[in-house]
């Protein structure tokens, strides 16, 4: 147990207790975790130096997947919904990724934006299928066949999301420390040298892209079942921008970073509503600039300082 | 047949003119600074708000109504001179040696700040200022009534395109800009003050965005959210034309506008999708746009 | 030891019962907190702000009269322009916090999204403006709409127009691209097909809600040369459309039916002869409103405070407040004066029937309100410096609603041209 692990464990315990102490914060934290998954997905690509301005489309794919499963296909179990929606988002991600991971720098950002805006406008326009800008309502899913009321389901979903945070966190941690994961950061530092080593940058990136889409999709499915409604604006470009912002705000060096950023933003948002609702975007914008200028490692950098971690060698940077 | 085609063309060109002003500014800034300015759309809507407010003030103050025309241009110039150097010198300059991720994020942060700033300064209600439109009257083309103001916009877009080309090809500053675009390091070594070039290019970009917004006000209302909508459209057009390509932006504006107009005439369900479908198709065939070319990979 | 345990148990039991009774009996709260959802920014605010202003006047009036059951009303306004995700989050935040009652929402899309959530959170909610007939396809126990729906409204406009212009051939439709616009288009087409089958729809356009330019759509409308243009554009969209369409001769070329036209009469110089509606009976100058006698005072207070006359969204909002007040008073009667629970308030809304500022409203079994439909044509009259409704008709609300449980569009299909014999004629409502 290092100090870092103790801090992580404390954070987890705080998350377990939070809704018991402040019941009204449960919904906010559920959404924060959902968006945190998407931000984590964006952070993976940032490690490879790739900025995606279109990841909201995978978030939306997961959300619409959940809505279609629950309303049209008769799949009502929450675990099945989350699993299948994530698979759907992954498949969409792999298909899109096959075309896009060939590109770098601003072209990668822009092509992602292009595809996501096509997705956004198609979803908004096909009123007959997607409900257009009205979206689709998502009924309360069942749990192992048991029908719950919304309040009970929300409780369950919160702790399910928290378990998923741990499980997915461990998985992503493993992935990043595997050869494939290292290849991801190597694309950023020196892509040509990577290929001289016999590693295909394309396939390394495709795996990374698929995983990041899966994470966004899982987040989307959780958000859909928690909010109870899915909408085209889930795929709008500003939403994608917010995922990138969340990832950078939290810090991309550690897995906890994007999640931390997401929780921070949602909680501050909740606190600010009513007082600074008019200036909310401005507050976020200024925070973002401050973090970029003065805290290049994001909020996670603060955690590292607390844990006494100083060795940043070989870690990904923006 | 001709009865259908002529209005179609006029509509497409009128649409293209409006899109062109924003897209060309975005693409110009990218060609010189190598930065995609996500806040470009906000500068468009600020231009629109300022122009509309000045126009309303002119009418309310009982000044001659024709003054609303120069007011459109002066509003755009005012926005450019106020925001161009300010943004470039404080924020953008700092990101030149940073990665694309940082550059995009800094301008995204700026976008968020500017969106709320507009709400604070101009309020949240729609603003209308259509004096220039009503002063100019109407014309009949192909049996359909058009506003002369729409035709004026088409002419203005052509003027701006030619002026930009002439400026880059013949003026001293234009030539220096072209040199910086061609090779930043070498031009610096030759003694060109690249920092100054960046301020100039960025300010021209802001001017074009604000001008686009100002010129749009006589035929449409201004309200919150306009910046975010405009941004993606400008993106789409700049990407189709090839980032950094002025002629590309012009051609792409016409193609995208044509697609939108065709959709409204023949497949109204697709009107909002049309610009992005064009972008997707073009980018699949030519990922760097019609006139663009990809950068070489670094070793 | 034994004794001690018993005593502890007794104490605990007393504590529990005290807790339980205080939870059950519900002491009167210090204030009745409501969430009011409307568009406060963007193009739609042109329509949403009068709603908010109407709410402010009503809250002042209710509190000046001693509140509801002695409890003053206090409102939190939520901006619907932030998009449905934000609207839902705000609704949940308020519902899980202080709020006792919701007046939500303006947009049909938002009502569709909020109705199931109202049920889930057991929060009595009144949809103050939304009209889509799809809202009560599934039954909701906590969501009520004192408005009537798109079926009655758009049948009314179509029938009024046909009654006045029996020779119509070419029809065009331009509606916003969401449930309200699409529903209305279907109803207009179904009504035309049933009572005037030889008409042809020559253009059907659905611009995005909040579009700023309609120039290409206007060219398309001009090229299609329709005899009539139906539109349920609203708010800033409608203002924008009128400002762009008028100089291009659209109103001279085609008869125009603007379903929500009454809202822009004071702001844009709409010519005479345009058919306009108020989505229901919410016109404060109507003969019925005059007879009831409260709308005039409401309008005067409104004008004194905001510098313009109320438009129908303000009246609809005021009527929604009257519905809420009536529900609480009915619930208080049932409970014998103890403060009602959310469930009891929702129960009181069921089957409620009241006199509003502008007419009668009664909830059907499916929680949809029945109200009359007023349609008129813009006319200048002496003493008012903007056009008002003339040549009016007031259709009985129940006559234009399909029987409970019947598919609405299917029901419209069963109508025949003989329906005109049963309906009052334009100009009959004076």
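Labels for the chains are A, B and C, by order of writing; each one numbers its residues from 1.
Operating definition for what follows: a residue touches a chain if its C-beta (ideal position, glycine included) is under 8 Å from a C-beta of that chain, and two chains touch if they have at least 3 such contacts.
Quick caveat: nothing in here was measured; it's all calculated off a predicted structure.
Relative to the C-alpha centre of chain A, the farthest chain centre belongs to C.
This structure's chain pair with the greatest number of C-beta contacts is A-B. Remark: chain A and chain C have CA centroids separated by 38 Å (rounded to whole angstrom). Separating the centre of chain B from that of chain C, both taken as means of CA atoms, is a distance of 39 Å.
Centroids built from CA atoms put chain B at 32 Å from chain A.
Within chain C, the positions touching two or more other chains are listed as 177, 208. Residue positions 119, 269, 272 of chain B are each in touch with at least two other chains. Across the assembly, chain A contributes 124-125 as residues in contact with two or more other chains. Partner chain A is touched in their complex by these residues of chain B: 30, 36, 38, 91, 94, 98-102, 104-106, 108-113, 115-117, 119-120, 228, 231-232, 235-236, 239, 243, 269-270, 272-273, 276-277, 279-280, 283-284, 287-288, 294-295, 297-299. Only residues 46, 49, 51, 53, 99, 102-107, 109-111, 113-115, 117-118, 120-122, 124-126, 190-192, 237-238, 241, 244-245, 248, 278-282, 284-286, 288-289, 292-293, 318 of chain A touch chain B when the two sit together in their complex.
Across the complex, chain C meets chain A through its residues 76, 83-85, 88-90, 92-93, 96-97, 108-109, 112-113, 116-117, 120-121, 177-179, 182, 208-209. The part of chain B that touches chain C in the complex is made up of residues 3-4, 7, 10-11, 14-15, 18, 119, 124-126, 128, 130, 133-134, 138, 143-147, 150, 216, 219-226, 260-261, 264-265, 268-269, 271-272.
Of all residues in chain A, those touching chain C in their complex are 23-24, 27-28, 31, 124-125, 127, 131-135, 137, 139-140, 149-151, 227-229, 231, 233-234, 270, 273-274.
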